[in-house]
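The following blocks contain the structures, represented as structure tokens.
Two complexes come next, and they have one chain in common, subunit A, joined by subunit B in the first and subunit C in the second.
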Partner chain A sequence: MLSDEEHRRLRRKAAVRTNLTAFAFLAPALAFLLLFLAWPVASLFIQSFHAGGVMSPAKFVGLENWRRTFLDPLVVKSIRNTLLYSLMAIPTVFAIAMALALSLNSIKVGQNIFRTIIYFPTLQPILIAALMFTFVLHQDFGILNIIMRAIVGEPVNFLGNASLALPTIAMVEVWKGVGFWTLLFLAGLQGLPRDLYHAAELDGAGPLRRFFQMTLPLLKPTFFFSFVFATIVNLQIFDSVFILTDGGPAHSTVTTTWYIYRSLFTFNEPGFGATLSFVLVVLVLLLTAIQTYMFRERR
Partner chain B sequence: MATSAISFRAVRKSYGDFHAVEKLDLEVKTGEFLVLLGPSGCGKSTILKMLAGIEAPSAGEIKVDGRLVNYTLPRDRNVAMVFQNYALYPHMTVFENVAYPLKSRRNSRVSRSEVPRLVKQAAEIVEISDQLGKHPEALSGGQRQRVALARAIVRNPAVFLMDEPLSNLDAQLRNTMRQQLIALHRRMGKATIYVTHDQLEAMTMADRIVVLNAGTVQQEGTPEEVFRKPANQFVAGFVGHPRMNFLEARSLGGSAVKIGDHAMETTASTAPPEARLTVGLRPSDARFHHGGENVISGHVLRSEFTGPDIFLTLDIGSGLKIEVRQTNDQRSSSEEALSVAFQPDDVHVFDKRGNRM
Partner chain C sequence: MTDLTRRRFMQHGSAVALSAAGLAAGLSARTALASGHVSGDITMIKGPHSADEARFEAMIIDDFKAVEPGVNVTFTTYDWANMNAELTTGFASGNPSDVLYLVDLIYPNYAQQGALHDMTALVGAEDWSSERAQIPEFAWDLARLDGGTWGVPVLGAVYNIYVNKDLLSAAGVLDTWNRSYADMMDAARKTTSDGVYGFSVRARTGDFAFWDWLPYVHNAGADLLSEDWSECGLRGAEDATQFLIDMHQAGVTPPIGAMSTQEQFDLFKAGKIAIHHGETPQIAALMADPPAFEWDVAYAPPGETAQTVMGNFGILSIAEASPNKEAAWEFIKHWASGPQVGRFAEQVNLQVVREDIVDGMFDGNPAMQKIQQEFVPRVVGIQPHPQILKILQSIWPVAEQAYRGEFTGQETIDQMCDIINQIIA
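Up next is the complex of A and B:
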């Protein structure tokens, strides 16, 4: 018989062995992470205490950038816009994608064709999609405004109206993202065990109950990934803003990434941009943490 | 005359050109325990699914309590099913699983306040009262199966369907559950269709057995009928353990047959002399130390000790072999040559196509 002490020693040894194996497999990924993430982040952090650095030599300015970040009304506005945009775009794209996935899941013929069509917008670069929408939304000859004219009587200045511009950008992003989320949800739906639905049907559950009491809770892992991923992606909204409105009109579509970009490349204030980047990273981390907490297993 | 709780009339189920179930006629009375017995893929689950409304029949009529249900939604059929893999809701506790049929019915006659009482009652019957707070993943196979049962009995349906509910359990638990299921059935008094590929389960539980192969009914009868008078070679081979011996034989005219050099008297109807036949002999029907009539003699090729029994393989000449069972007390000194007798009743005769004569 081994003594307790020996058991403990052997257990520790076994644990080290398994951890070492895991570590060996993770090492290459960790190396890349350090090289391409940790290092840039660290240098960004250092930069946030400096001014200049692109056209002129960098100069240490202490907490000046941080002070500005918290006082600049445009920073607050950009964060507000980014969050507002996410709150519009994410639930909308999820609801539409879910509805499409449910319909696709229930049709027997032509599923592949519909899948391809729905995925099409996701395949094209956002640059081209956004350019396409500048034409679709154009006040004088955009197709959408030809329709609006027929319905409302007058054209709508989608991108030129301060209260419409941000929702319009959200709409473009929804249009582009819906194919991706539909396919993701469809894969989730098709992975659910069919017998559970049969059992629920026999137990008397109608379509609505089956959706709310079976599908939604069973897709929890899919939704967790989706919310985290969508948050990370959407908080970095940039391309469509850059092309469609460039932050306007009247700063109504200024988003955090747009402001970072402008600070770095237009206003020649890399220190300020670096600080703002840091704020965004913290915001993303915070929201992800909240989501992880909300989706935790309650068993 | 009592009407049948369940009736299938000329029901067929096809997937493309493949017929999973062919021309099924079946009646199950209230209070009857009917077992569908057959090998894997013979269409057992398909029959249950058609009755439950999960699969639509390709042809024929299905009735529950005299009402045509072909076009009725599953939830309106008053049928409860225990699925082959239990199909418990993983995100709900055991209590919520069992309560689900009570809560999700639109026109439920059960009031909300009664739900806990009914759930507890059902849980008590299948002895899972102490598991109600757990999730299915935290249960053993046997406990999951009981939860599936509780979910089926809680709402008092007209018909019970059970799809191999014991197939995942170990031999001992299967034994006790078999008895508990039958006791439960007696208590509920509902029409039950029970699916299994285990002939022992079928024999011990059934009021009536329907033997299936490749989507068609081979025989229908009490366990005793199916065992004593198998309708064809398939049933004879499928029912009974150890498996029946099948031997080539010739008719001697009348009801006598000749297996190799051994003439045997049978109770089969007559076949023309010299007709080619197949004779079936159950290892357990062999009688030792009898001498005289209906004897087959041979020498022992192999003997297997299994505890209470010894299985002997005999070479009976003409290239024929036969397996027989000897109980320990019939055991003679380990002889080389041996004679075994079969009662005429125990000699099953099948024609060229495998049908009983």
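Up next is the complex of A and C:
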């Protein structure tokens, strides 16, 4: 018979062994996280208190970069544009994708063909998509402007008009992203229990009622992932801005990531760029936390 | 601190002397370079001045190989629009190109960051003094900053105006359009009709639109920075800026921001623009595929204090991190020699800074001869402040808004000065 002391010792030993095994399995992932996430974020934070550091030795400048960040009107504008763009692009792409997913879900024949067609724009590299849209939107010979001329008589300066440029970029991104979100929502829809729908139908629930009272609530986990993922991706909008407008006209499409790029690579201000990057990281974390909280509350 | 003034450029212009003898001198200089005492691999990076850049560079490299068989030169290009990103990445990697062609807009920042090799001793060497003397002092001033010399000046680019003489003639303004800004406006109005624009100027930051605005600023006796670079120097350019705003508001230009540099030029080539701000390399396109109208090169009408032309310059620098600076310097000497730089300038329609080869250049190209001999002496260049690119890219969106009628000339300059003073503070 083992003594109490012996029991405790064996329990501790078993606990240690279990913990060590767990840590051993977690170690690769932890190392990866530390190396590629924690360390870069920490470096970024440290860099935000320095000037130089890329081509010349880093020089400690205290809170200067942070002071500039809060005083620079272009920072405020870039954050506002980024949020505005996200507010335009995310709900629009979700609404269109959901409509397409519902339509695809009800198609019995040839669904794969339609899926492929809808997903096709997502496969295009953004460079190709953006260049294609420069021809679609061109004031003189763009197909969209040919249509606009036929309807309203005047061409529209989509990318050259300061109030239209950002919505136009959102339109391009929606076109490119709609295939991905459609298939994601379609997968969600196809995973819903059929029995519930049959029962609801037997109880006399119409299509609209079934959609709002069953489909949407049941898709909440899909929506949670979608909102968080879309927010993270869209807050980092850069490539289409860079290719289509380069932040213009008159800074109307300047986004945070574009300004980070300019600060780092054009103006050779790595400290300021790092500070902006950190602001963006905080913004993304904040919005993700809010979304997580909101979705958890309602579950 | 260096600053290119109109006076210095005038001096350069008056100093531009012949000759066929210059070319011959250059050739003998090239022979003198045939030392064959260096070896190794070096790389050169440059923005393309032509679609045939690689072929033209290969000619220079082949000639170099004949005099320095032990050196292998690999040529690569950067994209003008993203030159900073590409060059910065190269410098940050610790393995940048050994030889870099840098424009006055960007090299000061790299020099300040310690990325470039101070070439003061190299260019001051006795055995290169005869070659050095062919490059005028104003050009050397452009390559100097904070007591160092950061490259050898080789090429200049002039931003000129193209005119469709048929359109101007039909409107009866061929001889009067550039007497004054008012005449220019009158000509633009008279030549504008359905599908034809009287005037075009770049408006977008990404198209380096500020090059087209700066001659009007210089004509007013202003510049981006004050003479000592301590504050904004744009005071005095309010009326000139207002003139360009009025041009855009008068409905004589293509829609603002709707067309890139190339699209505007294509429109000019198609006979749809009467007075067009462009660049000299476009002359090659006009000569290769002549448009169905008579054209000429010109510069903006006189302003309150001067009648200038905008230009910027390129220097050949050595990266501080280059492990083979000796071979890099030999290659730069070869590239900058009269026959090499002269042939390249003719191939891509750019201006040279060497004084000894000017007169023998651009035979059969009257537009380029006119540019080199009449325009170059009027050039006022950029102030090579380390923050000059940031200044230009930061203030230009204000001008874009102004062209759209959102600000007056006075408000535009006020806002630009606020931005400039904030940056240089």
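Definition applied: the second predicted complex is superposed on the first by the 271 of 299 C-alpha atoms of A that agree within 3 Å, B and C clash if a C-alpha of one lies under 4 Å from a C-alpha of the other, contacts with A are read in each partner's own complex, and residues count from 1 in each chain.
What we mean here is this: contacts are C-beta pairs under 8 Å (C-beta built on N, C-alpha and C of every residue); 3 or more make two chains touch, one makes a residue touch a chain.
Bear in mind the structure is a predicted one, so any value in this text is a computation, not a measurement.
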Combined model on subunit A: subunit C and subunit B, fit or clash: fit
Subunit B or subunit C, by number of subunit A residues touched: C
Now for A:Phe185: first (subunit B), second (subunit C), both, or neither, which partner does it touch? neither
Please indicate which partner A:Phe223 is in contact with in the superposed arrangement: first for subunit B, second for subunit C, both, or neither. neither
Just checking: does A:Tyr259 make contact with subunit B only, subunit C only, both, or neither of them? Give me first, second, both or neither. neither
Quick check on the superposed pair: does A:Leu196 touch subunit B, subunit C, both, or neither? Answer first, second, both or neither. first
Would you check which partner chain A:Arg209 touches, where first means subunit B only, second means subunit C only, and both and neither mean what they say? first
After superposition on chain A, the shortest CA separation from subunit B to subunit C (Å): 52
Quick check on my understanding: which residues of subunit A belong to both its subunit B contact set and its subunit C contact set? none
Residues of subunit A defined as touching subunit B within the complex: 193, 195-196, 198-206, 209, 213-214, 217-218, 220, 299
Note which residues of subunit B are touching subunit A in the complex, please. 49, 52-54, 73-75, 77, 79-81, 83-85, 87, 89-91, 100-101, 104-106, 108, 135, 151, 155
Within their complex, subunit A touches subunit C through residues 52, 54-56, 74, 139, 157, 159-162, 245-251, 261-262, 264-268
Report the residues of subunit C in contact with subunit A in the complex, numbered from low to high. 81-82, 84-85, 88-89, 91-92, 109-110, 113-115, 203-206, 255-259, 387, 389-390, 393-394, 397-398, 400-401, 404
